[in-house]
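The structures come next, written out as structure tokens.
In what follows, chain A forms one complex with chain B and a second complex with chain C.
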Partner chain A sequence: MTVSSKFSADAKQFVIAIDQRFDFSLHQQFREAYNSVTNQGLKYILDLSQTEYMDSSALGMILLLKDHVQLYSGSLTISKPSETVNKILKIAQFQRLMTIE
Partner chain B sequence: MSHIRKGLYLSCALTLLIWLNYLFLHEEMLFVFLLFSLFFLLIALASRIDNVASANIKYKTGEATQVVDDELIHSVIFELQQFIHQEVDIVEKELLRTKMLVSDAVTGISESFKHLQNLSEEQQQMIQVLISQSGSMGDGKGASLDSFVADSNKTLDDFVGVIINTSKQSLETMVYTDDMVAQFDSIFKLLSQVEGLASQTNLLALNAAIEAARAGEAGRGFAVVANEVRSLSVGSTDLNEDIRTEINKAKGIIAKLRQSVEIMASADMTSTLEAKDKMIVMMSHVEDVNNQTNQSVEELAIIAPKITEAVSVGVRSLQFEDLTRQSLESLQMNVSSLHEISDALATFDKNPDIAIHQQLIKLKTTCQQVYYETRQSEDSRSVKQLNMDEGEIELF
Partner chain C sequence: MTRSQKLALVVDDSKVQCKMLSELLEEENYHVVIANDGASGVKKYSEHQPDLVLMDINMPIMDGFEATRRIKKLSGAGTLAPIIFITSMDNEQSFIKSVEAGGDSILVRPFTPLVFKAKVKAMQRISDLVGQVKSLQQEQQDDAELAEKMMSNVIEARNFALDKIGVIKKAAAIFSGDIQLSALCPNGDINVLLGDFTGHGLRSSIGAIPVTETFRAMTKKGFSILDIVAQINRHMHTLLPGDLFFAASFARISEHEKSAYIFNAGLPDGYLFDQKASIKKQFTSTHPPLGILPQLLPDAQFEVVQVMHTDRIVFITDGIVEARNQAGEFFGYSRFEQAAINGITQKNLVVSVLDSLDDFCQNCEQEDDISLVEVPCSGWQKVKVTNKVTIPEGFTEEDNHFGTTPNLSPTWSYHLHLTGRLLKTVNPIPLVMSQINDIEGAGEHWQSLYTILTELFINALDHGVLELYSSLKDSAEGFTQYFNERTKRLDNLADNAVSALDNFVRIELQYFPLAHGGKMIINIKDSGQGFEILDVIKDNSIAMNDGLKLSGRGIELVNQLCDTLEYQEKGTLVTASYIWHDLISLE
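And now, the complex of A and B:
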């Protein structure tokens, strides 16, 4: 139930990884993970490969992250979501707002 | 012919008597009488033979010598007439019966064909109504089932959008709440400083009271002031404590606020996922139903004219009744010809005075006449007869 974040070696990508459950209890950690990052044109990658459960607050958090990314002219990519998570992202029509791969 | 044979025997007997008279009696008167008798007998025979010979020639049978009894002829012809009459009567009755049967059957069949066609048309109309109703939801605005499903799908998407937005807003509220909690913490720090000031003031007041006591009577007034300052610092500490309690209450309220915002923000998406899955299944089902309906409509559109065509063929085929009636009427004419022959045969018995060969000749003429009449009507009939396939379609 943790959020981990790190810069890639060349400092051009910022990866945020979420554990199994992505819900309201993570909101503070999640916000703190990116709030201090203010690099311009950074590529944000949200790694959901470990995530199995996601509720609507997770979608809200991703939208807030998206706002933050746009504020600093970056780009957001959601990486390797599981089938269930991908379904939720599809219903929320996030594929229109960001890249899902 | 038996008369001629008897006459010849009689003439032989007369000749024998003449010879007996000539050889033994020699009676002149008897001789003359016998000779005259023989003479007239022979003349009578000659005339009779002449009649028979001429009759034989006229019949051209080549058997002039054949001898037929008049009674036999009469009886044979009578039997023949009876037989023909009976057979013709039976044939006539059967003809009438057949005509009626065919007419009744054709009337029944054509009515049922007509009925069948009407039913088919009714069925077609009902199917059309059914199809137009199945496409709409029955609200009279032409809203179809698939548009209803599409609307529901859109509503679901909107609903999901609302949920996500609510979550986002709640999370933002959460950020502000956290900021507010941080503000409270700094208020607490300030309060601690105020408390420090109050305790220092208290200490100062205590020192002042001690110094005032040391000054004795001169410091009495100052001791009162120091005491007042000390009670002020104690009041200030109490007030601080009150403020801390109130702010702690506010923090408790904020904790509750966080809980309700959390509930607001974190909606479980599982039911939404299931609804979406159901919606997808329903949409594909509606599509299937639509396709099936369209296919059925196309098939029905092909079947309807086929039924009409089949009924038309049936009705056209029923014109055989017309042709059959013509045939039966023609047969009735033939039967009436047979009746004529039969009537001609019946006159044989009624007129025994007329010579048999003349009657036969009359019969022959009648036969020929009837034969030509029948032939003529047969020729005109075969011209009238039409092929059934060429007939116009006509509903009875």
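And now, the complex of A and C:
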């Protein structure tokens, strides 16, 4: 279980990707992935294509990321969630709070 | 032995060794007990519960490895009785074997007294730390249990009609992040809530008490389910940190209206089952969990469904569908649905779901709180429709002559005139009821008054101002259609600033005290075109007999509760008089 993050080549996007299970055990790692990123107007992409499972504390962690993104006037998109993960996002109606594609 | 003096056990078949080790230990202020073989070492261990054990390896009867294994078994997982092997076998194998047997350290002969004492000190330090951790853990556990006890006294003990509601509640930690509430509305409806705070344990329970208080207080005052949800959301938004939130499903079940109002914010689908255990409807989450947004989304809307007396509503938290077995598979929706259906057939949904979960998970560790509520759609406290409030027995003309002359002037009156947008955003009934309670104090008889006011206000708003036809509600589809249309028209009303003042409902109350009770005259006037209320009642009383008609029940009920009920001005003004008799003063 890992969190990986990188800037796109043009430095306009910042992609965070999560493997396998996205749950409370990643709390620290997830936070560290973006905490030092303070560029203004950055487009954050949370890549959940490799995430098999997500629990409600992960939803909480996404909300904290969203607060961070808003603080630096950026945008947040959740990218390619698997069917299982999408169901959890759907139940929490996260599509009303951020972009999911 | 003084309290400060520690106890050491020396297990060695050589008397010389025993004497030498004892002397060194006594210099370190230990009291020493001696055993000369493994078996008596184990025996002395359980007799004396020493703070430290020194263990030889090669001994008659039972060797040091076996004795160590037995001692470790005796001392259990939570306590550390440090065991130091003393050996002259300086090889890898004996070192590995002594650790495997449960030894905490090894000291190879020959050693100087200083090295020996240093080793003993180091071991003692570790075992002191273990002791501290253990007592901290115990303290924490005690605190959590006490808090849990207080919490369940506030939350569960005061729930309404617990005997009728099926409940599953299995917490993953002592503190459950899940919460189940039920409370009775002033008009006899019942409000039910199943909620899930993110995470579990103490951290996730901080919101439970404020949620409970809000839910109970607002239900009692007669606020609508959306008002309650909005208030809880505001509350949780200010209270909870950014990554904590509250997913919850709400239901208001009205037995006399044969309807249920449902709002699901972030929980898995809720269910409506019929008598034959088929799923009539599922209630999907339509709103993010509470506490994330400062206010509810503008289009937040509850769902209205028609229910039969034999139906039941079931809410679950994600802990049920996400429970996992040894192989890591989820319990899932279809297993849950099957267990629920079997359960209803066997007349015990709770037991069936629990059994099925246990079968599936076997002894896997429970990762999340598991909760469910199962609420029947009937059997709640009846509104006393049969107790027709005309003039109660023992109520005579004489009563009217006590005190002031009630038929001439009221002791107080009150009016509330709502226009335009406020008709959508304000629910006047709790405001009015709160005024009455403030002036006259609380009382049982206000329950009927609440019902009368609610029904008459809704009629004035729906059929008067919004010009909706109640005949729409005659079919199940129409029922939903009616509520959608109602929402649309209310939105139009709210957006229409030009003629805002032309649309109104005016509620007027006049209170006349009687010697053994009181009388309330209610006038409600609306800005609509009027409607033929008599037709509704007539239609309805015919339909009541074959039990088909869904609309107009409200008026029938009001008619039974009131002393007099009269529609004037083409149905745009209704005057009701409600008399109650103070039963206590009769005694």
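Here is the rule we go by: the second predicted complex is superposed on the first by the 101 of 101 C-alpha atoms of A that agree within 3 Å, B and C clash if a C-alpha of one lies under 4 Å from a C-alpha of the other, contacts with A are read in each partner's own complex, and residues count from 1 in each chain.
FYI, a contact is a pair of C-beta atoms (placed from the backbone, for glycine too) under 8 Å apart; a residue touches a chain by one contact, two chains touch by 3 or more.
Keep in mind that this is a model prediction, so the values were computed, not measured.
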item: When chain B and chain C are modelled together on chain A, clash or fit; value: clash
item: Chain B versus chain C as contact partner of A:Leu97, first or second or both or neither; value: second
item: Partner chain in contact with A:Asp55 - chain B first, chain C second, else both or neither; value: both
item: First, second, both or neither for A:Lys12, with chain B first and chain C second; value: neither
item: Which superposed partner A:Gln28 touches (first chain B, second chain C, both, neither); value: first
item: First, second, both or neither for A:Leu63, with chain B first and chain C second; value: both
item: Identified clashing stretch of chain B versus chain C [6-14, 42-50, 96-104 or 150-158]; value: 150-158
item: Overlapping contact positions on chain A, where the chain C interface meets the chain B interface; value: 24, 55-57, 59-61, 63-64, 88, 91-93
item: Chain B contact footprint on chain A (complex, rising order); value: 23-24, 27-28, 31, 54-57, 59-61, 63-64, 84, 87-88, 91-93
item: Of all residues in chain B, those that touch chain A in their complex; value: 157, 160-161, 163-172, 174-175, 178, 262, 265-269, 272-273, 276
item: Contacting residues of chain A [partner chain C, same complex]; value: 24, 55-57, 59-61, 63-64, 67, 88, 90-94, 96-97
item: Chain A contact footprint on chain C (complex, rising order); value: 196, 198-199, 242-245, 247, 265-268, 285-289, 292-293, 297, 318, 322, 368
